[in-house]
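Right, I'll just put the structure down here and ask away after.
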Amino acid sequence: MNKREIQKILPKPPFFETSVKNYIFGDDVYNYALAVDAAAKKYDVDAIFIAPYTEIRRIAENTDRIFVFAPYMDTLKPGRGIADVLPEAIKSAGAKGVMLNHCERPMTLPQIKRTIDRANELGLITFACADSISETKAIAQFQPDIINPEPSELIGTDQASNMDYVVETLKVVKEIFPNILVEQAAGITTGRQIYDFIMAGNDAAGSASGILNSPDPYKLLDEMVYNVRKAKDELEKSKGHKK
Amino acid sequence: MNKREIQKILPKPPFFETSVKNYIFGDDVYNYALAVDAAAKKYDVDAIFIAPYTEIRRIAENTDRIFVFAPYMDTLKPGRGIADVLPEAIKSAGAKGVMLNHCERPMTLPQIKRTIDRANELGLITFACADSISETKAIAQFQPDIINPEPSELIGTDQASNMDYVVETLKVVKEIFPNILVEQAAGITTGRQIYDFIMAGNDAAGSASGILNSPDPYKLLDEMVYNVRKAKDELEKSKGHKK
Amino acid sequence: MNKREIQKILPKPPFFETSVKNYIFGDDVYNYALAVDAAAKKYDVDAIFIAPYTEIRRIAENTDRIFVFAPYMDTLKPGRGIADVLPEAIKSAGAKGVMLNHCERPMTLPQIKRTIDRANELGLITFACADSISETKAIAQFQPDIINPEPSELIGTDQASNMDYVVETLKVVKEIFPNILVEQAAGITTGRQIYDFIMAGNDAAGSASGILNSPDPYKLLDEMVYNVRKAKDELEKSKGHKK
Amino acid sequence: MNKREIQKILPKPPFFETSVKNYIFGDDVYNYALAVDAAAKKYDVDAIFIAPYTEIRRIAENTDRIFVFAPYMDTLKPGRGIADVLPEAIKSAGAKGVMLNHCERPMTLPQIKRTIDRANELGLITFACADSISETKAIAQFQPDIINPEPSELIGTDQASNMDYVVETLKVVKEIFPNILVEQAAGITTGRQIYDFIMAGNDAAGSASGILNSPDPYKLLDEMVYNVRKAKDELEKSKGHKK
């Protein structure tokens, strides 16, 4: 699939993104995914759900609004490599895309390139992580579909990126390739942050440990997706005014 | 789970083992797994099926005789590590065991030890690969439940281990820990080889590429599982005679 | 050492660069290094010599014109890590710089950043390899002192980068940080290529296997360094004319 | 070189072993190596000195009693692999042997085998580390020349292996291959421990951080090597008595 075709299958901004890392497993992941799907439908916004390999199929088969992504893939072609994650395997399980270069599984530059090439070939959406301004600019050169410029020292904490970092990473990505979607996710713990980051011009915002470590994850999830909708409405209204 | 408890959940020798590596994916894996399950029931023998991560759950939920194994796992505890294969994740998806140290994903000694420790902790059966006599003896020290001493230069070929190698690896494993089950799988392409290797005293025999690359995989699969049964019957008869 | 200070210790463009990879070892490396040093003095140009770890000290102590570089370093601080290449160790052995991200030892983005940070800290010059236009732009974001944009498929062959690639990589680097020096080295086998690449505006040109695999390496080495000088003279003359 | 020939070039038990890991670098390593060489001559015992790659040659050229070892090597043949440690390179720099599988650079089983094969081919002595009884038995299968069964949790601490562990590891190695020399080094901080471990039947004893972190390293070094001599004399005397 070429880049033009992949553009058509991307989630519509502003969208929401979440994952479970390996904090939970099995039915807990599945139930959380169902809740994300329900919230996405309730507020009529798109959402990416990054699922452990073993849950991709079950989630993809039982949801209809969320975009299920794999957290990583290898780049082998069908054949040997028994312990590897085959791109065709995640696609046939129902994944719509793949995350790459998360700071918990950093990639070499040739690996980044090969992963994006293989994903393009199969029509899988690429979601690349970067952990600094320099790394954001570096990874943008390979033209992933979505970039998540998340300072690695904030991941898993309750401290969000400051607005200067957010604005700067957004700007540098769009200067390199305006079509790359930018998502902010570092240390987000409130619906208000989701709202603010989207209003600042980002295409998406998300949270993983911020939700899972909260006292009432399902309530916070709902609040966050609500804020995506709220920001979306205001952005559309303001566009209307401009006309 | 301690070793005594794991002994009780092991497949009953002689048993069959197969996998798909990454030669096929999606429904092809699923359908092949169903056929292995059907053959295991038809001939009333146990069988291990090593499935790609993404297919473990679907296969485990829709079969009842085969033992579904993961091809690898990491050793992290629930938490961060988004691209890792969490032991709890494969177990909750329905895996009964895990393969380790396949020559396509070799492990360091500390990694072998940690993988076996984590598997024991969760009650997952360990299936360790070794690619020479020395490596077989080395890996036996860590007391996995099953060892597959497969000369790596024969994997994926149609050339089986010779009987001297088979007899020798069987002997060295049983000298180290008599409870470790020994399976032979290198380059097996016929039912007759399955029969011969089990009659030579092995606890199991198996084939992956030998079946998948054959002109009629489902027919060859049936023939191989039939030969496990045939060997089993003769071994039991000969035990009877001895009494 | 900050970037301004490192600027002062860089080789003066146009300069020459060579290495032996692991094609030769021991005295053969040493004698080749002495020849490079001699040629650098004969033609009064700077030259980088990338030496195996074990030969860095001997070469550094017995030459006076060449800049000895290590082919890689780890980023640990003094302490444990017995098999690692300590930055302080290569510096104290006489290395003036370090190569990083060679396609035979690709690095993750965080590793690239940490290597450049550690090198800057110790006043070691950084020489980064890139194997495509995208990778060249990516690695330039981390501001190494020198970039070698070498298409990996040409390394070790006798086919040079074409002039379009050379001109394009030079341009993209200088647009990102004008102070980064650009060297071309892919598949160079003749003095004429050295001359052409420098005349095209590159700060340096070099060759490793091109020299070592030639029938008369010492003669070809001399010819290449001569061509650096020749290009340098013409560039200076043309600058003079412009005044 | 076959195993019989390598037997002839091994250090004579009981011998001493030490290294600097990466705690120190440059001249500090060199001066320490000279002191080890002087102590080995003073007390007329053999000693292994594991040196950083960059110091192997200088130390080997300026000492005459110590056996200089590399802390690791790759297994490539001369050719590409610019950042790798070529076996021929460490040998030509003067190394007499190579350490492998240190817990700070653990190896897969195939890597252990290849490293020992390459070392045998070049006549380099192999010194393998193991960090538990199981790992000691495992690595002994590959028949390295020397095994150092050092519980990894004690490395770099001031706590020595207890005598039960020492006696057990010694026994299991000798049962597998009586010709493998056994050295104890975990957490040794006094000359008395050196003496005790050798008197318990080990072929060697050593210390790295125990010496380097002591208030007077050169004094402690002397005391340790003296204790090797003392143990040697008593063992010889007791052999004499037996005749």
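Chains here go by letter, A, B, C and D, matching the order in which they are written, and residues are numbered from 1 within each.
Here is the rule we use: contacts are C-beta pairs under 8 Å (C-beta built on N, C-alpha and C of every residue); 3 or more make two chains touch, one makes a residue touch a chain.
The structure presented is a predicted model; accordingly, all values stated were derived computationally and were not measured.
Between subunit B and subunit D, the least number of touch steps comes to 1. Note: centroid distance subunit B to subunit C, computed from Cα atoms, is 50 Å. Centroid to centroid, with C-alpha atoms defining each point, subunit A and subunit B lie 37 Å apart.
Multi-chain contact residues of subunit D (touching two or more other chains) are absent. Contact between chains, per the stated criterion, is found for A-B, A-C, B-D, C-D.
Residues of subunit A that touch subunit C in their complex: 101, 103, 106-111, 113, 130-132, 134-135, 137-139, 141-142, 152.
Subunit D contributes residues 19, 21-27, 50, 52-58, 71-72, 76, 78-86, 88-90, 92-93, 99, 102, 104-105, 155-156 to its touches with subunit C in the complex.
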